[in-house]
């Protein structure tokens, strides 16, 4: 009877863990509303319906693809490694599709969530949902940088591509237990590539697509003057963008804190506090920095700064002390201002919402920051006896026992970790960059250009592409509604 | 001492279940913000303050009525049947007001949450709150279909009526353990009418009132041309409507997944995943379908499609496999496009937000879909020994033990279930349809018409009815502010 | 082994309590989005970017200050008194900075969350986050009453001041275990000042700063005609304000229900239900009251009424029966209408969003209402053996055991409680009023006025202060963009 | 020669006026939203208890360029289409135009209509 | 005969101009929002670090139909009410009106005012 | 004497027209947003399956006060800057102005420009 009691408790605690994942997944899913309002607020009124529609359809297309194919490629052989779950855990559902051992590149198994365990198991379903929400976040990032000129047809293909292949690829290499996560075992670099909630896996991977996409599609008409000077093209609703920012902030508690995947230790609370601290410092740093740089506290930068802090802390939020979270956020707030200015004015890639500065640059900064600030207190054995964070057992100390995730500030052992992080960054830039660049180049061929005609662009995409005006009752919101080339 | 430990665990696990209900209730309550933004975005700027005010006041009026009267009528004799709760469970607080045995039509007891157990018991309070949030959802549906012409006074009466009587009635018959839920016991139809989170109880019941209300109040001036052809009257903010859609999506995780009312099995996670999958497929299906039908991917339909998938999966989300959730959502996406077109152009009932297509049509489809796709795996014994879902014990298999909720695809026994579902649909259409139709007809007498004067309608309802402009600083949002009949 | 099982359960249940706090903290943090939309909707379009930017930056500045200093001053010696937490609980981290015994005025310890326990303990981090979110709510209240004329620079200082000192001060005296909370022990007044979730600590304290700030900064140009008559200056988006209201409502479930800080009894569910009931009655009462008063159901008042009900129930939500929650909300709905009218028309303090009526007046009403309606059922021993709510043991009954929090309706012992509540109100009005008044007066000196030039005010603050237009694509939103005094 | 007929009318009459003018054979027109102040007066509303007046009433202004010979007919057409017999119906007036050019073709005066 | 007085003024002067014109006995006016470009020039702001110029400055245009005999007085009233002595105060001009009709009644010219 | 040149043009041509007019030495202009109806016609869209037509097309109206002597040049400058050779390019017309005042200084007519 005591045994029964114990196992009832085990079951209940596992399901409480799962509950946290579901609550977290809902919060992350809600971030889509934040992205939608932020991005739509930052475009001109004449493209608002187009931008909003992308932000809804990207969930539909991406999720359909991830459900049918992507989840199987990303986790097929690994299943839902939720701590303490007897079902799912360590029970491979499929097997490697490409690679083996420490060097797996893709998995297979569980397409469309079919197969023995899937239908029955709440654990797998919950894990799927959480991962789906992360995929959705990555997928929606380029809709911001490519806004106001992207053909809707071409965008639809991106949604399917990102959900089916693009996101699951890097996902399999990291959270799926693939080769990057095993760098600790295979080549003895710290605990392997560690990215707690996805500064890299989600934000930089989405961000690099935002970068290549914006580069391939080219700047909006009028963005660069005859002299090549960048012109500001203010978004049509600062209020909407601000509301979106605060929704994203809210959702981020699910993004980061629920990434503990369990509540048995109190770590999720530290994660949540670190998240808020980095956001605060990012916001304040960007505010003062832009104020100094341009003479006014640009509201768009206050928003981007808060988000930059959030993106940057995402990789390391479980591994650092609060003071370090503050420092990471503060630096993120400065980075975002500088990178946005640099990309806009020097590189001359046109990114209407600042996605490159927020997600790409600070995603990379977040990944590296872990290699610097991780305190070594956490990630020793998060998944059960003898398994380090990310399913590794490596970095044994002299006594032969696994160590927590440690950055260079906490001992020279940290250099291996930093190296693993740097490799992750490089892979994002080079490999994911090349894949996304190739995808957009190929799309150009398929759709005879991924960009709308210049007449349509000047008129605004809403009527020609979507058939509606975003604001039909307001004067002056659409300059030239129609394709005037009759 | 072991016993103490066990019972501390029992108590704690019950309260964890209750926590899930409270989190779920909060999420469902938040859906009011989604409805408010969706509906307001879909009306013209000149009626935006009126529509928004209805979406706030409907909570106030409906909740007051449900608190004072409605909850007692719906659950008086049944109390909070929350699994594993010792207090509340199976302790009838009141007794039947109309009917007895398997044929109870209304309960009584616990008016204004007074009476012995109420004040003391968190369990009853939590269950009340969750049910209140569902009532609110049903109550707000007609504010969409009747928008831009409904007298505010008349609307206020609807709020009280819906919270006190209209919603609790069908609620008592189903979730309250009344006659429809007992069709399994009384006339051996499957597990009786089964509606997990309310495709029927909430959406179709609210939706049929949206239908009869829109029919009684008549189309907006200008909706049908002299030749009777339907004219599109675009909503004033696609951006606002899109944000509302995504808020509703978020809230739906509380709507569906917390309807397990407990977390002891992992079922809530499957429910959540099914919810997202149906939403994705509904969104994609509606997008492609409307694109094919009209040549452009109408953003309003992308939104309606996502919501249609959500409404349709609501009844069966705990009983079907993920692939089936996808199919149900996909069909919902097509249904919503066709029904919206049909109602608008053929039936000529004017529904500014598409409530009839989303909530009524897909509510019914969701109820029926359960009778087709339910896999039989769940609902055997959800509430304790020997009690099937909805408090029935019926549908014993040959071995005499209760079976899970089973649709026709999983054995011929499913036909009984499908019949129970069909009866539920019929009751909604005929009985709830007649009651709501009667209510609106009667209101017409009470208020000398439930519709504003045509001068007011042309001018916009905001100033004449509410005394404010929704957007006083924006040019062109109100055509003719005043009653010009001076 | 049995022991192990028990302690695993203890640990898990503590962490489940902590989870509720984190979910609650996220919800409260999300209220910032609600305030942002409410306040921005209630100002004119020409100040929308300024108001939105304040609502984001106030989190950044306030949180930075609270992290570095405020939390240490408020809780330094008390730590995270989370029920059932072995770490943190009753382990003083710091010590009194000012005062001792029952008369502590400020604490110290744990600056920037550093110090032994902080970094390691999820419990402290979680408690910090929850308290941070409450601070943020208080800090943002004056941004509403002082909107449309506040220099951004001066506002930035307010954020730091509120997070570092202003809020922690009254916080230390109440939730931090300081002298007000000990009035039960020190001078035998009931359980001491009791304020469950902060009608006083958060709303009235923020509200009195909103009052003094609005008084010091003076009314907007054009608010009072030559004859001194108040003129309505309608907000630019009723739709946005309405959405903000509903977000606040959602967040309030975290604000109130998670203030139980644990889930071991079901009290959090009663709290949540009481919260919704008071909101509903507040909404309905304000709607009918303003309808009667002005002839139309002003949407802004429907919104303010719902919020008034929420503010008023916040202090007593855990201590009263549902019927009493309804009465408290109903009275709040009337109070808010009358106070807004009175302040606007008689006192002639200009408060663009109604913050004084909602937060200050109803905050005080909420504090007092507890002294009237508290039923005595709860708060006996919320934190463990022999400790009453707020860490007191006082108000022993004749048998010598501690009693729950009791209002005058439940026995003459309630008069002591009511006196403690009244003292709290007085301290807020006099002491916090004086401090905030002094702060704004001093700011005037520091910044050569805390108000923008009248030219800027007429033109709108967005371009001169923030460098952007809130709505550049919409005609008529900015009357005169530039400082025309060239 | 060409003249410019300008009318300030009630917003809900725009469609009818447009149709009436079109029926006269006039090929184009330009409209904008204006606010009018006149005999019709405004009205007071309350916002959170404080009164405010909406004293400029939304109107639509219509500008039609037409031939001398059509001016009378166009004015009459507008008057009869816009009339509701209630105060606030608005005004129509005519101003001389000394030159007109169609941008696309450079055609002038009557040709440019 | 009737003439049309048009003025482009600073937005915050609308109320004062309205009152001044009303004080002249003029019964009505029509206003709309315009953007002006003139000596006053615009100004540059930065948005996420990139400059943009706001070179059209919001103004309000006022159109008043009045009797020949009142034109001088109306022009003067507008000028003195709208004047701030700072650059950008705007212009007032007068154009001839060959015909005026009140839609509601069909009254013409002076009668129609 | 002074005249008023009015043009209705395609919105995306505003910048170019402004530059052309400025290049002529004209010191100011006033623009507003209007909706045009002409040969260009509108187009039908569907909203939730029901058709609706967008038959008024957004245009920008430009008003330039200038000296008699500059009128020809200003008209020509506008025509050539606004021209796209596609239907819907718009119109330019000239109306006489009998008096002009600069509000700030009280200067009159030519002086007031």
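Each chain gets a letter, A, B, C, D, E and F, in the order it is written, and its residues are counted from 1.
By definition in this document, a contact is a pair of C-beta atoms (placed from the backbone, for glycine too) under 8 Å apart; a residue touches a chain by one contact, two chains touch by 3 or more.
From a predicted model like this one, the values you see are computed outputs, not experimental measurements.
Chains that count as touching both chain D and chain F, per the definition above, are B, E.
The minimal number of chain-to-chain contact steps leading from chain C to chain F is 2.
Two copies of one chain, chain A and chain B, form a contact in which under half of the residue numbers belong to both partners.
Should one ask which of B-D and E-F has more C-beta pairs in contact, the pair is E-F.
Centre-to-centre separation of chain D and chain E, using mean CA positions: 18 Å. The geometric centre of chain C is 54 Å away from that of chain D, both derived from CA atoms. Note: centroid distance chain C to chain E, computed from Cα atoms, is 48 Å. In chain B, the positions touching at least two other chains are 2, 5, 9, 16, 23, 234, 237, 243, 294-296, 298, 300, 467-469, 471, 474-476. Of all residues in chain F, those that touch two or more other chains are 32-33, 45-47, 84, 86-88, 95-96.
Every pair of chains meeting the touch criterion is listed here: A-B, A-C, A-E, A-F, B-C, B-D, B-F, C-D, C-E, D-E, D-F, E-F. Those residues of chain C that touch chain E in the complex are listed here as 458-459, 463, 467-469, 475-476, 478-482, 484-486. Interface residues of chain B facing chain A in the complex, by the touch rule stated above, are 2, 5-6, 9, 13, 16, 20, 23, 27, 44-46, 234-239, 242-243, 245-247, 249-250, 253-254, 257, 263-270, 272-274, 276-277, 279-284, 287, 294-300, 302-303, 305-306, 321-323, 326, 375, 377, 471, 474-477. Within the complex, the chain E residues that touch chain D are 2, 4, 18, 27-32, 65, 95-104, 106, 112.
Within the complex, the chain C residues that touch chain D are 229-235, 290, 293-296, 298, 300-301, 304, 337, 340-341, 344-345, 354. Across the complex, chain C is touched by residues 2, 5, 8-9, 11-12, 14-16, 18-19, 21-23, 25-26, 29-30, 32-33, 36-37, 40, 48-49, 52-53, 55-57, 59-61, 63-64, 67, 112-114, 118-123, 125-126, 128-129, 132, 152, 156, 237, 240, 243, 462, 465-476 of chain B.
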